[in-house]
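Both complexes shown next keep chain A, but they swap its partner, so chain B is in the first and chain C is in the second.
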Partner chain A sequence: MSSVPVERAPAPPGEVRERAERGESPLGRLTGSPLVRLIVRRVLVAIPLLLAISVLVFVLLEAMPGDPARNQAGMDATEEEVEAVRKSMGLDRPAHERYLSWLFGALTGDLGRSSVSGLPVSQLLAERMPVTFELVFLAFVISLGIALPVAMLAARKPGGVFDRIVMVGSMTLLAVPNYVLALLLVIVFAVTLRMLPSIGFTPIEVGLWPNLQSVILPTLALAIPLGCFYARFLRGDLVEQMNSADYVDTARAKGLGPWRILWQHAFRNSSFGLLTIVGLNVGALVGGTVIIEQIFAMPGLGQLMLQGVGARDTAVVQICVFIFAAVAVFANLFVDVMYAVLDPRIRYGGR
Partner chain B sequence: MAVADTTTRALLSPTIGVERSIRWARIRKRLVIGVPAAIVVLLFAACFVGPYVLPLPAPIGGDVLNSSRPPGTPGHPLGTDVNGNDVLSRLLHGGQASLIVAVAVNAIGLIVGGLIGALSAYLGGKADTIIMRALDVLIAFPSLVLTIAIAQVLGPSLPNTILALSAFSIPGVARVARSSTLRVTSMPFVQAAALGGSPWWRTLLFHIAPNVLPQLLNFAMLGMGIVIVTEGALSFLGLGIPAPAPSWGNMIYEGQQSLSATPLLVLWPSLALLLAVLSFNLLGENVRDEMSGR
Partner chain C sequence: MSNSSHASRRRGGLAALAATVGLILTACSGGGPAPTGNDGEVGEPQAGGEITVLLDAGFAGGWATGLDPATSNGTGANLAQNSAIFGGLFTLEADEDGSNARIEPNQAESYEWQDDGLKLVVKLREGIEFSDGTPMDAEAVLWNWIRALSSGSTGAPVLDLNLDLEPQEHSQEFMDSLWAALPADVDRDLIMRRLGAIRIVDDLTIEMNFNSVNGAFVNGLPTANLNLIASPTAYAELGADQFKVTPIGAGPFVVEVNRQSERLELTKNENYFKEGLPYLDALNFQSVAGDQVMYQTLLSGQGDVVEGLSAVTLINEARNNPQVEVHLGTPTSPYVVQLNTRKEPFDDIRARQAIYYATDFAAIQEGLFGGEGDLSQSFTASGGLFYTPEIDGYPEFDLDKAKALVEELGGLEVELGTTDIVTARSVTTALQTQWEKAGIDVTIDAKPLGDVITKFTSGDWESMLQTAGAWDPAAGIGVQVRFGSTSPFSGTPLPEGATSAADAIAQGLRSPLDELLAQAVATVDEKEREAAYVEIAEVIAKEAYGPFGIAFSPAQVVRKGVHGPGLTTPIPALAVNTGVLYDRVWVER
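Moving on, here comes the complex of A and B:
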């Protein structure tokens, strides 16, 4: 960790960057563990952001056309019956009161009940979240697993044959939306080759292999465009480091081999930029699961949200949208903290 | 290091080769912008002029008895879909919808986002902080989830699709506009204008905006592909352009229903989408490289 000069680290986001540029510790003159203070500070910023998001979701749901009480009461219910249902659902109270009671409930672990299935929302989440989590986690691992070696090989000889293939190939794949890629994968692997199931999800309790078989195609549909994006970014950053950074010249002068310079020196510095890109894309990744789960009929969070949106199931949609946004917020927070962990200048303050 | 490398190589190799490679580099520079630009122009021409020039049947109201004809059927160059509508006609009309949405969303994003960002940077202080925090909320939202929620509130239609998609194009543009306005504001000519008695709105519109615009236009160009893809996703989920009117997204969705029997119905709109997104992306990236002098 100590032998690598980091003067060319790409700019960290937000507050950390500004402070680092001024040569200050991100925590000013406060002593103690800077890292812990940083984490606390960032979490304190994230809380009002999450509250604002939950208000926004609530307002959006309020604005949705249709009457949840009438939906619940059924088509041929009388006016009185609808009113009774409205009362029992608490919809006769003013909006801000309902928001506050939802917030209070959510903070104490009571997320209400789905108006469609009547099940507690927390139970639905417990069923659905592992599916989406598995998808996101595998897509994340596979996309980085593709991007790192490919970018390294391409950056080794910029303008070489492999580099050109990678640049053209990734540009093309990036232009394929994940829903189209998903259908192409289904046509090839499920319809033509009959190797994998085209839709559905097998829980891991049934067995690891059937479970993996059912998630391979959706995972690839998510991971391939993402991997191309990361590979392009990393390759560009690596080439820039190799061409312009002084420490690369130093390493060359020391007689280090090209692979070692690439891996131990250039990549260490490029990893900051990659980290930012990965963090910023977590939102897009979890957002992408909505449509992928729909195509592959995966019983995940995205599918739950879409069903809820269709049926005006406010309790369900509120928490689903909130979770998606919260994941994105925390991913960015995590990136900010990782900067401090990786960059000694930020960790210890001063240069 | 790199410079020394190329110079040595240039000195060692015969001059003719160098001249040729310089000329080739120049041609290449024009090609990488010219070719995608030409494809974009062709796409617009095909979708907006094509349906009125070519002898094609209407994109909707086809005869079900005439359904799922293979490509090359007389009168139907790409065949017909499950409802008996001409695929090529639907493809071109669908392209109209996709391109209208993409252009409109980026225009709205550019104008509204540009104004918000420039204003935020120019005003500075409290106003700047409040505006940027509000944008943070929108940026933190996974864009597809936000668009789905808005599209559901507004109901599926072409103008509503544009509005829903604008919600996620505005914050990004505003960010870029803010940072480049900050950069321009610190330049001497802006101070000169202010010293010359130009009111703040005049400085913003006539001195700052022209210098920020090229960067924003380029950002919007890169945004075209994203909007086309997201519009496709919305239509695919039934929240965008309402059927039976065609759009590339809902054509892919309809094709998916009979994926194993007629995979070609998914392939055509997918290829159109790919071509459009690819050429917009290439154009945007190469113009950006050209502008930054790479």
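Moving on, here comes the complex of A and C:
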């Protein structure tokens, strides 16, 4: 019997979707995954959110009191000079026209030029983003590096000497604003001990150690308050788990040691809460760079944004805020994804 | 340069926060007024070495619009950078003690007013070359002056040039180079007319022709972009964008690294026209946020000089620190409480006089400034030109008279505005206390600079604590800006028949005070100018337009072993900051 090629009729759309959802094809496996659906949905939500943020920033900049052209020109400038500065800053055009022009430019990859320096915004970002991202990354790592062991040790014996020291110490450090902490760190490590530089940033191309030396103090100024917050949160959650959770009693009944229960069982459950808090605080961490970069004269995005706000440099401020917002949005998306990865019971977008 | 920039250096809450922390930290370290104690023997200058100068990011340490003099909006603030790179046609010099301040030709050899002050002839020194080896001659100066006046920089002075003269013929090469360096939309007809007003006499001589006499023009030059001469050849080679970053001048130093508004690294110009200068091999400028951080950076060893430390508590702290020396400048700009005569309550001279009588700036000088600074009765101070310590008819502090006037008025409610900076806020609080003793009800309104400017321009203000003055009263935020009737930052009466400042300008109307202000610059005779300014100060006092107060100059704080004019020997501030002469700065090695 000869085989007769059978032309397969295209499957009805509903069937394609069902197959995809059953994961019967690679594409289906991909698009049918709740995780992918989650990511796609959240990215789609992020787009109007970021758009709204850009509008809000533009409106806020417009609503700021004072005349940016006069500010830039100085009090002794003539009206003609002020008008020339206004023109050079592009402020002689209507606000909506300036916003739309910026938006279309940004969507097509043209971020425009700084109205103050005249330099391409993309060039400014390329120079400054590595500084801020290094600072944020290190602060993130160090804050967790402080929080995890401290919280575990404190939760091991709630009310013990170490726990009390941690609670008092972390509360004290939490009460100190990061710019005060920054100045105190400078006084101790740069002025008194002369161990570390008080200002400036050395790129990693110059050398790893000089680079690390230049970022240690600003990183600590950012990481210490955050680490204290995480430590207090995690310690509280761990203590609660250890005192009240049934699975902890079961583990104890099985004869597991307290460290093993703490690490393998309680921490695993507490990590969900910590993950949420860490995600929510990424925005605060990035925002904290604005002041810290200023104090340590670090040429990062935060410093650029502050200079931009002062000079009402819309193109610069818009993109800086946009990047900060995007980092916060995507950090939260990452947390959601991590939930799904860590806990298979969690289902997203299921029918 | 402007006081707006002066105030803008403290822009943002960060500086205020840092200063507050600074106050706490300083209090902990027991700072208090102490003798300067910087009178040690200084040896002969030594060549070599390198220093890092710390500049406030909000003012001198911000050069976001670049360092091309023609397009920079920071020539007045960036005196340090410009002095190092360009040197300048003229410099402000003073004796060792800061007295006898005068404009001296630097790259220029001399200047002369001709035609009854309508023509300025400037002769250049022979043999000066830019650091790229090309000559700095009259043609280069002309190229720079036309660019400086025609490229939109706020560092360009307002000149009443005689534009009716026939343009001078120049080579095609020169004209091509000039057009290429001007904005694309420049008014070419105006440029040609300027080429009639500014003319080359010979290779080293250039003249500028005016319609009216401007006696303050040369005195204002050191803060203007006309003073800074750059290499036209280098501009053509580098292009506009790169020239803003690495401009080529004929100053004592050459740009090696320029990270805009962050760090500027310079090395010695081996081609410098002054034999044996500069002393330093390298000079760096580091931008730092605020007084507290600048001071800490100096103590940490990452800087050698803080230019313009203004927080009084930190200055006192520095005086107690044996590692550093503090040198106060000679002040030129006193505080003034401007009173808005165009609206209630200060449209009534009795209310204005009550403020004069209720104000005791001597007590504020003692209490807040540790007795430092000058007390002034006019718009300049001991470091400034035409300074007269006592003005006839100035209503001095007299609480009884103040109380009587307030009673006569049936009470007085006043809003006192100021720029939201630490020192100004302290002064307003002290004034509030003093005025309330006279029965005046005071509300303080401290706002960021942008809001203060808006408030001024709206006309909706009653009284405002600001600073007024410059080395030459006509320059920068001088008396004209604070008291000229058509200035947006003045509260003096409008000319008769004018409904607004714009209307006065349109109709060409002038108030009696405007006439006097115009007279004060309409002569190049210094004695005549001095007499005019004394008369202006007397009119202000008689009409009670605003009591003047303390003139306090920011301090130069240097690590021991650093010396130089403008750092360890005072030079009056031209407007806000002192023009340090970096070619003569040296370090003990």
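By definition in this document, the second predicted complex is superposed on the first by the 284 of 351 C-alpha atoms of A that agree within 3 Å, B and C clash if a C-alpha of one lies under 4 Å from a C-alpha of the other, contacts with A are read in each partner's own complex, and residues count from 1 in each chain.
We take it that a contact is a pair of C-beta atoms (placed from the backbone, for glycine too) under 8 Å apart; a residue touches a chain by one contact, two chains touch by 3 or more.
Note that the structure is a prediction, hence the values are computed from the model and not measured.
Undergrad: Check the residue A:I47 against both partner chains and state whether it touches chain B (first), chain C (second), both, or neither.
TA: neither
Undergrad: Go through the superposed model and pick first if A:S117 touches only chain B, second if only chain C, both, or neither.
TA: In the superposed model, A:S117 contacts chain C only, not chain B.
Undergrad: Once chain A of both complexes is superposed, is A:L100 in touch with chain B (first), chain C (second), both, or neither?
TA: Touch partners of A:L100: none, neither chain B nor chain C.
Undergrad: Is A:P197 touching anything from chain B or chain C once the two structures are fitted on A? First, second, both or neither.
TA: Second partner only, chain C.
Undergrad: Please indicate which partner A:V141 is in contact with in the superposed arrangement: first for chain B, second for chain C, both, or neither.
TA: After superposing on A, A:V141 lies clear of both chain B and chain C.
Undergrad: Does the superposition put A:A297 against chain B (first), chain C (second), both, or neither?
TA: Second partner only, chain C.
Undergrad: Once the structures are superposed on A, label A:A325 by its partner contacts, choosing first (chain B), second (chain C), both or neither.
TA: Touch status of A:A325: first partner only.
Undergrad: With both complexes superposed on chain A, which partner does A:L174 reach: first (chain B), second (chain C), both or neither?
TA: Once the two structures are laid over each other on A, A:L174 reaches chain B alone.
Undergrad: Taking the superposition on A as described, I'd like to know which of chain B and chain C A:L306 touches: first, second, both or neither.
TA: In the superposition, A:L306 touches chain B and chain C alike.
Undergrad: Which parts of chain A are touched by chain B and by chain C alike?
TA: In chain A, positions 64-65, 177, 179-180, 183, 186-187, 191, 291, 294-295, 306, 309 sit in both the chain B and chain C interfaces.
Undergrad: Using the touch definition up top, name the residues of chain B that touch chain A in the complex.
TA: Contacts found on chain B: 1-2, 133-134, 136-137, 140-145, 148-150, 152-153, 155, 225, 229, 232-233, 236-237, 252, 255-256, 259-260, 263, 266, 270, 273-274, 277-278, 281-282.
Undergrad: Residue numbers of chain A touching chain B in their complex, please.
TA: For this pair, the touching residues of chain A are 49, 52-53, 56-57, 60-61, 63-65, 171-172, 174-177, 179-180, 183-184, 186-187, 191, 243-244, 248-249, 252, 283-284, 286-288, 290-291, 294-295, 305-306, 309, 317, 321, 324-325, 328-329, 332.
Undergrad: Report the residues of chain A in contact with chain C in the complex, numbered from low to high.
TA: 64-68, 70-78, 81, 84-85, 88, 114, 116-119, 177, 179-180, 183, 186-187, 190-191, 194, 197-200, 291, 294-295, 297, 299, 306-307, 309-311
Undergrad: What part of chain C is in contact with chain A in the complex they form?
TA: Where chain C meets chain A, its residues are 1-5, 8, 11-12, 14, 17-18, 21-22, 25, 57-58, 62, 64-66, 73, 76, 152, 154, 156, 158, 241, 244, 259-263, 286-289, 292-293, 296-297, 299-302, 448-451, 453-454, 457, 476-478, 481, 489.
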